[in-house]
Each structure stands twice: as C-alpha cells, then as structure tokens.
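This structure is in structure tokens; I'll ask about it shortly.
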Amino acid sequence: MSAAENPSSENPRPTNPRLAVSLPGLELANPIMPASGCFGFGAEYAEYYDLSVLGSIMIKAATLEPRRGNPVVRVAETPSGMLNAIGLQNPGLDAVMAQKLPWLAEHFPDLPIIANVAGTLTEDYVEVSRVISTAPNVAALEINISCPNVKHGGITFGTRPEVAADLTSAIVAVSQVPVYVKLSPNVTDIAEIARAVAGAGADGLTLINTLTGMRLDLRRRRPIIANGTGGLSGPAVLPIALRMVDAVTRAVDIPVIGMGGVSTARDAIEMMMAGASAVAVGTANFTDPLACPRIIDGLEPLMDQVGIPSLEQLRAEVRSDHRPAA
Amino acid sequence: MTVPTSGRPLRPGPQQLELVASTEIARGVFSLVLRRSEPEQAPAPGTFLDLLPQIPAVAGGAAVLRRPISIADCSADGRDLTVILRVVGAGTAALVGQTIGSPVDALGPLGHGFDLDAVEVGGRALLVGGGVGVPPLYLLARRLVDRGVSVQMRLGFRDASDVFYAEEFARLGEVLISTDDGSAGVGGTVADLASQPGARAFVPDGVFACGPLPMLRYVQAAFGAQVRTQLSLEERMACGVGACYACVVPDAGDPDHQHRICWDGPVFDAQEVVL
Amino acid sequence: MSAAENPSSENPRPTNPRLAVSLPGLELANPIMPASGCFGFGAEYAEYYDLSVLGSIMIKAATLEPRRGNPVVRVAETPSGMLNAIGLQNPGLDAVMAQKLPWLAEHFPDLPIIANVAGTLTEDYVEVSRVISTAPNVAALEINISCPNVKHGGITFGTRPEVAADLTSAIVAVSQVPVYVKLSPNVTDIAEIARAVAGAGADGLTLINTLTGMRLDLRRRRPIIANGTGGLSGPAVLPIALRMVDAVTRAVDIPVIGMGGVSTARDAIEMMMAGASAVAVGTANFTDPLACPRIIDGLEPLMDQVGIPSLEQLRAEVRSDHRPAA
Amino acid sequence: MTVPTSGRPLRPGPQQLELVASTEIARGVFSLVLRRSEPEQAPAPGTFLDLLPQIPAVAGGAAVLRRPISIADCSADGRDLTVILRVVGAGTAALVGQTIGSPVDALGPLGHGFDLDAVEVGGRALLVGGGVGVPPLYLLARRLVDRGVSVQMRLGFRDASDVFYAEEFARLGEVLISTDDGSAGVGGTVADLASQPGARAFVPDGVFACGPLPMLRYVQAAFGAQVRTQLSLEERMACGVGACYACVVPDAGDPDHQHRICWDGPVFDAQEVVL
C-alpha cells in the first residue's frame, strides 16, 4: 500500500490479514521496517513517503550521552555492498526522548517504534534501556551487542555467549517493553550466542548486524574508512544473513527479525522462508529512498505467484520445519 | 497523507532520465545531457543529482551507492540537465560509457544550493572553482548574470588538457585560469590568480566556491571574514538525503554538532563549517 | 603479457622484475594464480589462453579416493557472488598423479603448481600430502582445512586453533615441499587460527576460503543448493577478505596468498596493499575466462598510475607497516 | 604458444554483441537478435551463448554468473545470432530490457551441439521440445532440412499464450503442439501427441529433444532404446566451460563418473546419461 493509494488519515493503518505479523510487543501491519542506522529517526524519509505504511521503524542507536561519531571518511563502497563506520553519532538519550520520539508519535501516532540501544558499559545499556522503554511509542527494544565492551578488554559483547547473556538479563530486568537482541555475524557459531541470549530472557532476536570489512585507497595506501575497518552491509551479505537466520531459528524458539541485504520483495520473502518473522531493510534505503514501500507493495503479488496465502501461514509452515534442537 | 510532515509536497523517488548526449570536453571529463520525462522546475545552482551507475561485473561489480554529481546546466524548459563528470573510477566510467538513449537512474536534485540573494542586483560575484568543482559554477554564473550581477571566474585545473568550459564562462564574465604546470593560464593554483591585474580590480560583494579541500580552505581564509562566502563541500555519501550521517562536517558554531553535507549543504556559509 | 603478445615458446616465462614474487617454494613470474576449484586442472582454460602467463595454478582439491561430489543443484547466484557446494568432486590422488599433473608438466613445464589437499581424516590429508608433494611440478601444497573433521564430531578443522595446528604439523612432517594452510573465514578470530597454524610450522597461509551462505527457492520452499548451504565467493566477499588478510598479516610473519572476490587488477593491488604477497582469483574466472591474463595485463599500468615501483617494494613497505604483534 | 594444448585455435573470450532487435513473441518470451562485430562461422545447433546480464541494484544487484541461452537461429553470413528467452528472473528481465544498440556481453558459442549425422540424408528426424527447450530445435530443424532430412516437431507449451515459432517451424515440417490446458493443439504433454495420426505415421530415424526433465525422461524411455536419441540437458552453471563441476549429470556407463553438461554436452546420447 503506497502513500498515494492511502490518502485517508482517519484509518492510516488498515490491517491486511495476509501481511500482518504479531510478535512480542509488536502488532505489525506488515513485516517490513527500516533497519537501525539506515533511516535516522524518520524525518528525512518522511519527505519521500508516508511512514505509516511501514510495519515499524528501528530508529538510530541511542547512547546515554550525545556522540559525535567517527571522523570522515565514514563509508566506502564494495561490490553490491558498503562499509560504514559512522561511530554511533547520535544526539544522546535525552534528545531522543525529548525530540525524536515525540516527533514520530505526533506525525505517525499508530506506528510502533523499535528503539535501538548501544553503549560501551553494561550500565550505559541498562540506563538507556530503562528510560527509552518508557516512551509511549516505543514498542520494543533492539539491543546492539556489537559494541566493544571496555570491561572485557574491548571484545564485543556479541562474540562471547556468557557476556551477551549477562547483558541481556540486566536489560530484561529493567525494560518496560519486550527486548530483542541484535546478533553479530562475526562469530564462528551464531546459534551458540542465540541460545545464550534466549536463555537469558530475550523476547526476540534480530540479525544480522554488519560483517567487519575493509577497503583500501590505492593512492593513499591506507584504508578508505578513517576508522580502518567498517561494517559490511547490503545485497552482498544476503546469503550470509539467510544462512544465519536459518541456523538461529533452528536453534531457538523466540522469534527473529531478519535483515542483511534485503532489497526486493523477493529477498524479504526469502528471509521469511529462512525463518524470520519480520524483515528489516537497511542499505537498500540508500540505493532507493522508496525501497521499503516498494518492497511492501511487492509482497502480495509475489505471494500470489508462489502460493503463500498469508505470512502467518508461511511462518507456521517454516516453524514446523525449523524444529529447535532439543 | 499526501504531503510529508514538512508540509511541502512529497519528493520524487529515483527517476529514469534519458541520456541524450555524451561528449568528452577535456581529457577524461565528459558532459552528459540527461532528459527528464517532462519539463520540470529548473534546479537551484549548487544542487546535485545522485546517479546510480551500472558497473559491469568485470569492472568490479554492482554499485549500491549513488554518485553525487553537481548540476552544471539546465535547458530553458527545465527538462534537460547537464552534468560534467571526470572519470575517476568504475562508477563514473560506467556512466559516461552508457549507450545514447539508455536510461540513467537519478535521484534529485538534492541538497541546498547557493544563495543567489547573497549578492544584490548590480553587485559583483567572485566564483572560484577547481577541477570538477567547476561545473556547478556554470549554472550559478548564468543565474547570477540573469539577475544582473557581474561575475568573475577564477578556475584552477591540473593542466591545459584538463581545462573545460572556458569559452562558455567567458560569455558570462571575466575568466582567469590557473594550471598546476602553467600549461594554460597562470602557473599555480587559484590563489596565485589573486595577484593578477583583473583579479585585483575586481572587489567582490560575494564569493562562491567549489573545489578541492585545500582550495576551499584558501577561499575560506582569504574571503570568509570580509564578505559573504559560500562553499560547496564534498564528502563520500551513502544515502544522499540526510539519514545515514556519512557525510558530516563539523559545525563551527557548536562543537557537539556536525552538519550533513548532503542535507544541510552541500553549500555552506564559510563561517558555518570547520574544514 | 597476453598470450597473443608472447607467442614464443622458447622463452615462455620471461621474468619481469616489477611483478616477480618470491615465496617459500614458489618463484612466481607474477603474483596472479587461479584459486583452487575454480580452474579444474587447467585443461579447460588452456583452450582460452596460454597458461604459462600465470604465476602459478592452485589446482582442484585432491582427496585420497575419487569423489563424486554432491548432488545437483551445486551452485546458486547471489548479489555479486555465488554459492557452491561441489563437494570436492575429483578423480582421486592416483589419477591426479598419473594424469592431471603430468599433463600440466608436459604443456607448461615451467609453471609451478600449488596442489590443494583435502580429506576428512588427518590420515587422509597426510597421505595425500606425502604423495602429491613428490610430483615434479608441485612446488607447494595448499591445505584446505575447511573440511569437516569426522574425528572431532564434524566440526571443521579450520575453526579450532588446536585442531588446525595438529593437522598442520602432521602434514609439514611428511611434505617434500613448503606447506600453505588455507584458512576459513567462518570464525570469530581468524588471527588466532593463523597464529596456531604458523606456530605448527606452516610455511605460508592462503585466505580466504568461502563463507557459509544460503539461498532459497521461493516456489520449492527450500534451499536452491541441494546440500542446503554453500560457500560464498566472488566480489561480494572482497572487503571481508581484505580485512582478514590485513588482520592475519599483522598477526603472523609467514607470507599470505590472498584471495576472495578479486576480479580486477585494482582488486589484486588492493589485496597486496592489505598484506598479501600474491593473489589468487576464483569466481572471476567464471565471469570472464580471461580474468587472470586480464588482471596480469592490468597490473603494471595501475602500478604506474599509483606509484608502485615493484611488487617487492610494495611488500617491503606493507611489511614494515604490518608489524606482527609481539 | 598461439594454439591451445588441444591443437585447435584459442577460443575467444567474452565479446560485446550489439542488440539489434528485441521482440516479445509470446507472453514473457522474447526473441533477441545479437550481432557479432564481423561475420563468423555459424554455430552448431544445440550450442549456447553464455550471456552476462546487467541487473540493476533495485532488482537485486550484480550478476557474476552468466546465463546459458541456446542459439535459436543464425543469419546466412553467421553474423546475427537469434536467441529466444523466457523472462524468469532478474537476469533474463535485464537482458530483454536492454536498449536497442547497447552491447550484450556474450561468451561462446559453447558446448557440443546435436550430431546431425545421426540421421542419413533422406531420413526422418523427430524433434521434441518443451517451453524454452524449443528454441535450439529451430536452428536444428533448419540444418536438418538443408541436409535433406524430413522433420516432424512435437512441441509442448503451457497454454496458447505461451506458444511461439509455430509458423516458422511449420515451414520446415509437420508441427504437433500440446498445451497443458488444451488451449492450443492437444491437451496434455508432448507424450500425449504420440497417439496423434500424424505422429503414428512418422517413424523417426533419429530423435532430438530439449526441454524440461520430465519430458526428457519420457523421450529417453520412449525412444532411447530403439533409435539414436539425443537429449539436450539443462543445469545451473557457473563457469560454462567445464572447469567448476557445477553442472554434472551421472554417466550411465560408469558410476564413478559424471559428465559436465556445459562441456561434454549440453547434448548427450540418451544412453549416456542417468536422468
């Protein structure tokens, strides 16, 4: 349903039972949502289309204090992908609570928001989670555990099962809304991390975050990205994301929001066939600002073509195949 | 909701423009004419198109990021947009290699352009450009001259084979050219043009600049404190629409804040930014 | 130097000091070689160009017994990449020794060959390595440690440092030629594996092997590849390969042959700037059968452009930057 | 060394063929004419081109694998090659969407085609095709007729809107058509055509088939033991030249061996392969 077809503001989110998805904390009109960091806090893309057509928005990571982020160059292109090292630039928790979330609530009152949470200490994560989960339009949290943990010598929370589990339970204890933990793909066994996080009480998982990559500038003989390495995203990572969503949904019972390289309705359906209950779209927004509505509009025609009565039925079918290991 | 939260009409998404002409106007520099499907409002000088090239697999594969390219000129009916681009990598090579008549995927015009009101009617505008920073100055010069502003161009190139649009600019005002090796115009950079008689005689009411960082720093230092000086900045971009925070430049007024070049710019007042 | 420009068979491998690379066991006329599994045993591509223009050839994996490989479908396309699950189809050690290697020796007598070795038991690897290292034109071995190890419950040799090290030292003990170990990218910390393998006596490393990925067929609702998952290769993985080559060459002192997504001379130079001493080309051969000679021809013009006097000098420069951690 | 180890001249690498015509000849099925830069030897029927599509980023991004497409026809001078392809995914969509005059990156002709000598001059050849297995049979039929062989075509399609080249084939010999839904010709599959009077009257000296696996299995079972029967097979390919072992089919004669369809085929004797 594109903005043009839905000019009525009285009933901005008519539910289409074929596309609706029900997840902990989230009653989604459709499974498509922009991925965190790829859509700011919505205002810029609201110039391009009515955001109320979206299933949800995963807003940009909030940290306790404002962050200026990394020096430029922050992005580099790769074949069918990109590297980024934005460095979590954000206006800080207070500004997100006072301006960004109220702006979304005012303009898109029925749109459930997923708040992405980042930090470098467990305490930061817990405090941001506690506060942001009280915002009226925040329906769920997404915990970005790919940040380096200063207490554990800079290794990322997301690469050690026990560290990830401890962080999860600390956040679950304070959050007013369901907690989704966002997994890093830079690990030998993602299912192991998924099991640890699920065991610690996460309501759901989101994956994949970016893969670590590098590009070099031949003339300057050093990395293009000022930070050295950056996170790889975009269509290039789609097959890795699909494999990991498949592996994780076979390993745990909690729902997964899948992401990584989705740029067409075909990719989104494929992600759900791999086990995802809903699908986030990141880099594709940059190639095409109308990527999300284009994908949403493409779902039903494709479902007709390949014989999927409804996404709930697809999920049930996939779930019966994806039997978690005992 | 048919208008965005800003109250303006919704912006258009990517369009397929028809490539109607492609000409090599200097060594490795091409002018492309891109036709919109119907006449539209002329873009503001300093705004840019974000073009998505189709890079063949043997040249390194698919682009997912668009290429920001300034609008250099525009037909009277607003339908044909000229861009001038230097082939520096696989994306620009693919764009200039497209078959005439084939579609070019373009988003925009994007960004905030030059403020023409910075110079009063009858006043004098100095336009300083370097390399592929020169193109947006052409549409700017045309619009300023239309307004009744007299313009002087100081344009820097690497060498004589690199120079383009000198004659087109000369129809609009005085053109001073520098080349790194002195093979055309004055040897050196645009800074070295300041001592030329024509330059010393031209006291500008406003300065407009686009080009490499060292050139912009020179312009900022030389003119920024005296006269309203506008700089068009460049940075690697991802979204092109202000959402990803790839293309930032520090705000001179607030150490906690960074401007987004694609969204708040690419044109900034010299005093707004730390280069 | 393309085949057309070098019609003389008297001096088939004139050495160009700008491009020559000297590595344990390998005096390469240039740094470019086809990657294992992407070039068979050379005969097919010999229909397209004179293989003596290559630096070397990494021939298809040999196992002790012939293998039929996996059922079809064995490949699937991904954005800027592909998945494969060929399943090590090969005629077995005896046929490689009796036919494949002699054919190469007969037609390309001066071309040093790197023999890729695979197996499922340590004993298989050791036996193949012992025998194949005696072939006159085999100048080095490349040990593919990404195969599942039946003794260790199916985990791949390449994901556990101690398992990888044990395999390496067993092979080094029997090989007549230098041993390069091929690392898997499907790990949390590739530098850790590299250190273990270097410590066990490997003469060099090659990386990266493929990343595990999946694509699904929307109509059949199951993976396209009959095997379920497949290995991702091609331009999509280039930034991951560069990051890993950078990380590994900072961690160990032995030379690295870099691979993963290289399809242009630009990519090859970038790989060497990241720390690789030579570069293998896999998937690009499929897009363009002339990929390797095209890349070789492109090296010198690009070196002129970006100011690289010779590859040895580039290596020295990069090596002084890549100081292994103490 | 200017000849490969096989003693034949070196094969050419990828060529840029010019797209000179593109026509929709049935629903979603296009005929493309691709022009080589100069007249060349006509390809053998049953060989294929391996085309590299340029897939736009919004349609899923870059292809690194070529698309094997049979050669359906060839001009008298050998310069223009016709291929007929059904749009099934992003690659075929991109190929049929190219601007006329733009280049198509093609490798080939590849593979080993049909053995025309299988049927003596004056003999009878039965050509069985299904869907996009039909195209290579056209060039084959032309060549057989040129040789003085009489041909009968049994062609299976999904429905009437799917049928193409019926008239072109009719100029060469008798054409029997089946459609799944009976909307054209006989309802059912090509197997159901065997009971037609025309079919019963035509006792072939050789059979040539290309189409979906169930159809090939039927042809293999119905004719393979009686008469020389050649089957053109399909499989997902990567290299297209025999190097990667993606496209294998088990050898009926040796359980340890598998044929490569791109290299040893795509045409095999029915008795050589296990389907």
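Details
Think of it as A, B, C and D in the order they're written, each chain with its own count starting at 1.
What we mean here is this: a residue touches a chain if its C-beta (ideal position, glycine included) is under 8 Å from a C-beta of that chain, and two chains touch if they have at least 3 such contacts.
Computed from a prediction, not measured in an experiment: that's the story for all the values here.
Chains touching both chain B and chain C: A, D. By count of C-beta pairs in contact, A-B exceeds the other of the chain pairs A-B and A-D.
Centre-to-centre, using mean CA coordinates, chain C is 35 Å away from chain D. Inter-chain spacing, taken between the CA centroids of chain B and chain D, is 52 Å.
Between the Cα centres of chain A and chain D there is a gap of 45 Å. Touching two or more other chains at once are residues 14, 52, 57-58, 60-64 of chain D. Along chain A, residues 76, 79-81, 234-236, 263, 266, 284, 287-288 each make contact with two or more other chains.
Viewed as a contact network, the protein chains are fully connected, with every chain touching every other.
Within the complex formed with chain C, the residues of chain D that make contact are 1-2, 4-6, 8, 10-11, 13-14, 52, 60-66, 91, 107, 235-249, 256, 258, 263. Interface residues of chain D facing chain B in the complex, by the touch rule stated above, are 14, 52, 54-58, 61-64, 99, 101-103, 105.
Of all residues in chain C, only 76, 78-81, 83, 159, 186-188, 211-216, 218-219, 221, 229, 232, 234-240, 242-243, 246, 261, 266, 269-270, 273-274, 302, 306-307, 317 touch chain A in the complex they form.
Chain B makes touch with chain C in their complex at residues 57-62. Residue ranges on chain C touching chain B, taken from their complex, read 79-80, 235-236, 263-264, 266-267, 284, 287-288, 291, 294.
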